[in-house]
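Labels run A, B, C, D, E and F following the written order; every chain starts at residue 1.
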Amino acid sequence: MSEIFGFTAACLVGLGLYGLIVHSSALRKILSFNVLGSGIFLLLGVIARRGAAAGLVADPVPQALVITGIVVAFSATALGVALIRRLDEDDEEEGEP
Amino acid sequence: MREFYLLAGVFILLTVAVGLTRVLLGPRGADRMMAAQLLGSGGIAAMLLTAAGLESAAALDVALTFALLAAVAAVAFTKSSGRAARTEED
Amino acid sequence: MTMKPFSMIALGWPMFLLCGLLIRPLRKWLPRLLWLAPLPAFILVFFEDVGAPVTLLLGAAAALWSIGGWAVPSYFPGGRPGVGFIACWLLTLTGSLGVFLVEDRVGFLVFYALVSLPAYGLVVSEGTPPARRAGRIYLGFAILGENLLLAAFVILSRGVMPLPPIATALLIAGFGAKIALLPLHFWMPLSYTAAPIPAAAVLSGAAVKAGIIGLLRFLPMETTPVMWGGLLVTVGFCGAFYGVAVGLTQCHPKTILAYSSVSQMGFLAVIIGMGVATHDGSVATLAAFYGAHHVLAKGVLFLAVGACAARPSLTVAPAALIGLGLAGLPLTGGALAKLAVKAPFGYGPAATLASLSAAGTALLMTHFLFRLADARKNPAVSSGGGLAPWLLGAVACIAFPWVALSMTGLSWSDVVAPVALWKTLWPVLLGGTAGVFLRRIRIPKIPAGDILALATPAVRTAQGAARALGHLDTTLRHWPVACGALLVIVLALLFAAWL
Amino acid sequence: MSSAALLILVLTLPVAGILLVVVGGGRQARGISLAVLVGNFAVAVGIGGAVCRTGRAVTYSSGGWTAPLGIQLRADGLSVVMLITAAVVALAVGVYAPNEFAVRRGGVETRRSLAFWSLLLAVSCAMNAIFLGNDFFNLYVALELLTFAAVPLVCLTGTRATLEAALRYLLFALTGSALYLLGVALLYGNYGTLDITKLSGLVRYEPGMPLWVAVALMTSGLAAKTALFPLHLWLPPAHGGAPPSASALLSALVVKGSFFLTVRLWFDTVPGQAGMRTGQLLGAMGAGAIVVGGVLALKQERLKLLIAYSTVAQIGYLFLMFPLAGHVGALSGGMLQAAAHAFAKASMFLGAGLMAEVAGSDRLDGLRGMGRALPLTTCAFVLAALSLVGVPPTGGFMAKWQLLSAAFSAGQWWWVVVILCGGLLAGGYMFRAVRPTLVEGIQPAAAIPRLREWVVLALAVCALLLGGFSKKVLELLDIGRPQITEMRP
Amino acid sequence: MSEALDVFTRIAVSLGAMFFLAGTVGLLRFPDTLSRLHALTKADNLGLGLIVLGLLPQVAWPFGALKLVLVWVLVLAASAASSQLVARKVRGGKDRS
Amino acid sequence: MNAVYGLFAGLSALLLVVAGFAVVTRRHFAAVVGFTAFGLLLSLAWVALAAPDVALTEAAVGGGVTGVLLLSASVQMRAKMEVLPSWGVRFIAAVLAAIVTAGLMLVVLMLPDEAPTLAPAAKESLAFTGMGNPATAVLMAYRALDTMLEKVVLLLALVAVWSLGRDHFWGGRPDFDFSTQTSGPLLLLARVLVPVGVLVGIYLFWVGADEPGGAFAGGALIAAMGLLAFFAGVARPPLVGSGWLRWAVVAGIAVFLIVGFGGFWGAGDFLAYPDGLAKPVIVVIEVAMTLSIALTLVLLVVGPPGRRP
């Protein structure tokens, strides 16, 4: 049954990739990257759920990987946004001397 | 009973998701924000129902977290410099 | 890199002198000490058994480097060439001697690179636009040759016997680029014309022999298939006559000498080719003997160009002796060399062609001598430097073949026999007479580097291709394109792996 | 502590250094970092010694939790060579780092002093983690660490162009690592482990489409981070615009991180299993890199951009090892190229930095007279160029030798043509870079500390020595390699 | 007893869901931003309240119940404050900092 | 079971619709709002996938700090509409993405029927760690090295963000939109929400050892509360040059390292926990980590210093 989420994950990956290709603004690329990342995490979640065994409802290892992955993805988002903001500030300074 | 919770949760989710069309329609930033707010409280409700439906105590904590964070995004929206939000109105 | 201990000293010594450049007070003196650099290698020749071909070539090369080194200060204002020139000189020298002494393949490539690449600094040291152009072309060829040899040597080191044809072809092409085999020759006239006279002397005399020793060592005459010998002979003869033909259209004595080098190296290739074609290993020594004579002869003729403004009388006559000697004037070193290599040619058409090429050499040399005589009035060509080194070189050039005669298996009686005398004399007479007549005729001028002029369309095509690649790069560096390419690569990899 | 514990030390030492730099502020940053980098080098050499002594790979399981549950660190010959290379380059960059990154005694911390030193240590840490990692997710974290260290290095000067380059780099690198992570997820889903050793045992018996999807995703993600043609969009502006110390790190080390992972994937995880075509595809991209990078390098007017495009081209050589996998010389040739390029390229970028400091810009036509103004640097420049062109006896030459040898024994002559063309192009663009420095000219007087020049020269000499000691290096590379019993059909 | 509670829960939860539906309709159909805001805040707070009320009998006492109530209180506070802020912003950005 | 199926299907559909909206829409602000909604749905999915730890982390990060980050960026964006490439490019991109998606779906179907899993191994070793939550055991014991490196990534991201500041502001405060003129509702919100939030954050990390929760979720929640406090003007972002801040930022990793090397002495291995003391030691690490994470996240969101010290 968790295959449904597996498919969703695949679609999210596709959506993220599509967004990454077509968007020209960096913010949207970051957003798409996050969608892509969520898809991957969701896939790991499905894999974890499928690995339920030994009385555990899910395999904890992929879940831990996802948590680590979320932190990394957030760091990436933060750095990207910081860069965007800085570029915007530069634009403003150039626009309003 | 558990089925009922889950179905109710899905119903609420779907309902508020329809409200998300506001995000699409706008016209103001505030409208979009409100739609997200609605999804926020709807999501919390769905989360509570799911917690009951799946008997997952931790989901309550998730709902709690969302309840705490519901305001933060709205505040971030209102406090961020209003320039872009206003330019969007015209 | 493997070599004998004494070789290490012989090659370490110039490197040691090179380090002297780092010490400021020594820097001033180093140009006057250049003649010392090849001495250990020269001495080594007499004590160490390195095989007859190497002994001959190395001895002659070391001698020429020493004489050339002696001449260097007189060609530069204040006797002080730039630090770069000295460094390049010493490096090229090390490489030039090293290729004879090193025993393993990788080591050979190292010294081969050393004799090829730093010579760029010698070619461009005058800094004029033609010198820079010549340097660029020279370097291009050096790198091309280096790359071809790299590939060839990798195949060699795999130890597959017999050698695959591709390896032989690569070897011939690689070394051919060094010895200016047709059609890889056009860098030579450009570089030798551009280089300062002592540099041109050592490059034309000693440095090119790296290619000869390479051919001798890596295309063993006993085992290389006959076909390749035929190829070498054909290409060599073409070069021998082509060099004469284009050389005759030139005015500058240095350019004429350079075309003579093209011709002579072609002839040397013929000799090697004959050895290969007959599977006769002893030809290697004969080729080396011929080559060794060419080392000294060509080297000192360049010095003659420089010296002739100072004392024309002391220049032109010995130069005539040496120049016509190259063609085989009886009782000169050249005649000995021609006689030594007579054997492999036998009596067939090859022998006739060889004699004709000797006649061609005589013709070209006559042309050169006239131009040399003219040059004494032209300060742009001859500065009148290096008289003493020139005279010493001339003596060495005339004496050397007699000293080394025993190594060729010829005896006195062979040399002074009337038949032998006639055999070597008639081509000289023929060529010389033709040369005198030719002076009356106006010969169309061909720019130095001849077929390079034909390369313009090729250059234009290359520029077009480069521009196209530039556009390709710009396109690929668009975000959507690159990102899409990423996905395409994923799919392509999957497709490739899965099938 | 056993010698295996050195593995954890080389990982944590730079981390400790980062913490100290952040806490101590910019004032002590230089001292702390240099001490840490020296220590890092010593430990790397120590690991090398341990590996050589035992003749086997050294492994360490953190916390005593063995794989697959825990994370294993593993140092084999490849790791050791790259560890030492990275340690040398990082140390050299640290010593070279100009005053702009230092704070005078008693001064206040500056933005750059804090950022530069912690990022330098972070690059070192990430490289070590990548070279030692034996777990694909652990390697993912290390890879991201590397990205986060590399991106801000690009825009340390804060000009608009570098900020844009950094953003572009960040986004593309993130896309690449996302694909890599997707592959990792699929690997785990199929085999239930991320440990390379374990995986290589499992995939031998259960290959299949999911495996190849994972491998394809990981490989292309890593190729994006390595800037393999045609995925090189971010490299020229990033490497060409960053401050020289940063460019040296980026070109010499950072791109090698993801490349090293590709090697781990292909040579350690699925050795001898991929069909002919995948290797050919990777090789074709490498060939494209060699040609396009080389031609573009020929067209550049700015020294640093030229060197950056040369990196694009040189990366191409690295990927020629994949079509030749399984033949003697392919792996060693690629790794030698990675190390030799690291030394030579670091030397060139650092040297270019000094020249730009003297000349005021890095335009090629403004470099005349450098030979007189900066003799040591020019000398290093020439040496490094020779290594990049592949002139004997440099490391670059030995690398090409190995690759050619593999190409011949595989009977794939087309790679020979590519390598030879690449050599000619490299000769051309390096000539363009070097020639102006050797021509007479007048340069404004600038006080460049001799030490900085010596560092540049030392790196170039390393590239040279790598060729001289290539036999030893080749022996070292062989230690701890999995025995590939089955050759490709 | 438990059945009676179940019935109560069902009724409360269903009512809550209806309020959400109403909120959505309001959000979509009301003519201007402020009235939409008005409809929304009322509806979703009430809806959530009803659901919390309905779930109260079903969770573990006292900790779970406390959390449930806390969730509602927090959402109330958040929505009260944030709708104020949004409203101010809509009315002319007086609150601009 | 049908209802669970319905939940899965409904959630999936919503996830796709919302994510599609966030990706496709041309308005930046709308996309960001959509993405926030997406985060919420995603946490629901995590709950449904029996991964409450992930759900908490996703909720705390996605709903809090990421939301603020993206909103502030989108509001600052000058151009409000996205300029998309031509139809052709979009079509090709869509086709490529669709092929990848289809391939992935196929792979999902081909996942082995008997899923390989480390759950038994994790369960078996759980007793040695003294913890009840296997996810935390993975994070803090089995794969503690990952967790440490990931914290270094976080720290490095902070250094990176700081390095984007301007030289003359160095050592100053981030120029985050904190209020100079505080309004009533906001103040109220800050006064009510922040203490509760911090409390809940501490609670989350505290129960993390045995139940879903953990340092990162707790830290992220506290960070969001910190941001709220800045918005309300109750607190101000710290000077980036201040010593305490630096110490606090590195505390988590430092404790990790100390414990790690203590492991050599106490248990013979790096990051090995002595018998019976595993849980307290881990809690010590988590305390330091929660502090560092909360602070780092706040600093990441508020950005580089933008005002003179």
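We take it that a residue touches a chain if its C-beta (ideal position, glycine included) is under 8 Å from a C-beta of that chain, and two chains touch if they have at least 3 such contacts.
Remember, predicted model here, so these are calculated numbers, not experimental data.
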Chain-chain pair with the highest tally of contacting C-beta pairs: A-F
Chain located farthest away, centre of chain F as origin (C-alpha): C
Far-end chain from chain B, centres as C-alpha averages: C
Chain occupying the most central position, where position means C-alpha average: D
Distance between the centres, which are taken as Cα means, of chain F and chain A, whole angstrom: 11
Mean-CA-position distance for chain D and chain C (Å): 41
Gap in Å, rounded to a whole number, between the CA centres of chain F and chain B: 19
Approximate Å spacing (C-alpha centroids) for the pair chain B, chain D: 46
Residues of chain A engaged with two or more neighbouring chains: 13, 16-17, 20-22, 24, 30, 43, 46-47, 50-51, 61, 65, 68, 72, 75-76, 79, 83-84, 86
Residue list for chain D, restricted to those that touch at least two other chains: 69, 137, 141, 144, 148, 151-152, 155, 158, 163, 175, 182, 186, 188-189, 192, 209, 213
Per-residue overlap in chain C, given as positions that touch at least 2 other chains: 479-480, 483-484, 487, 490-491, 494
All chain pairs that touch each other: A-C, A-D, A-F, B-E, B-F, C-D, C-F, D-F, E-F
For the chain A and chain C complex, residues of the former touching the latter: 17, 20-22, 24
Contacting residues of chain F [partner chain E, same complex]: 177-181, 183, 185-186, 188-189, 192-193, 196
Chain B-touching residues of chain E, taken from the complex the two chains share: 6, 9-10, 13-14, 16-17, 20-21, 23-24, 27-28, 33, 36-37, 40, 44-45, 47-48, 51-52, 55, 58-60, 64, 67-68, 70-72, 74-75, 77-79, 81-83, 85-86, 88-90, 93, 95-97
Chain F-touching residues of chain C, taken from the complex the two chains share: 480, 483-484, 487-488, 490-491, 494
Chain F - residues contacting chain D, complex: 103-104, 106-107, 110-112, 115-118, 121-122, 125, 141-146, 148-150, 152-153, 155-157, 159-160, 162-167, 170-171, 241, 243, 246-247, 249-250, 253-254, 257, 260-261, 263-264, 267-273
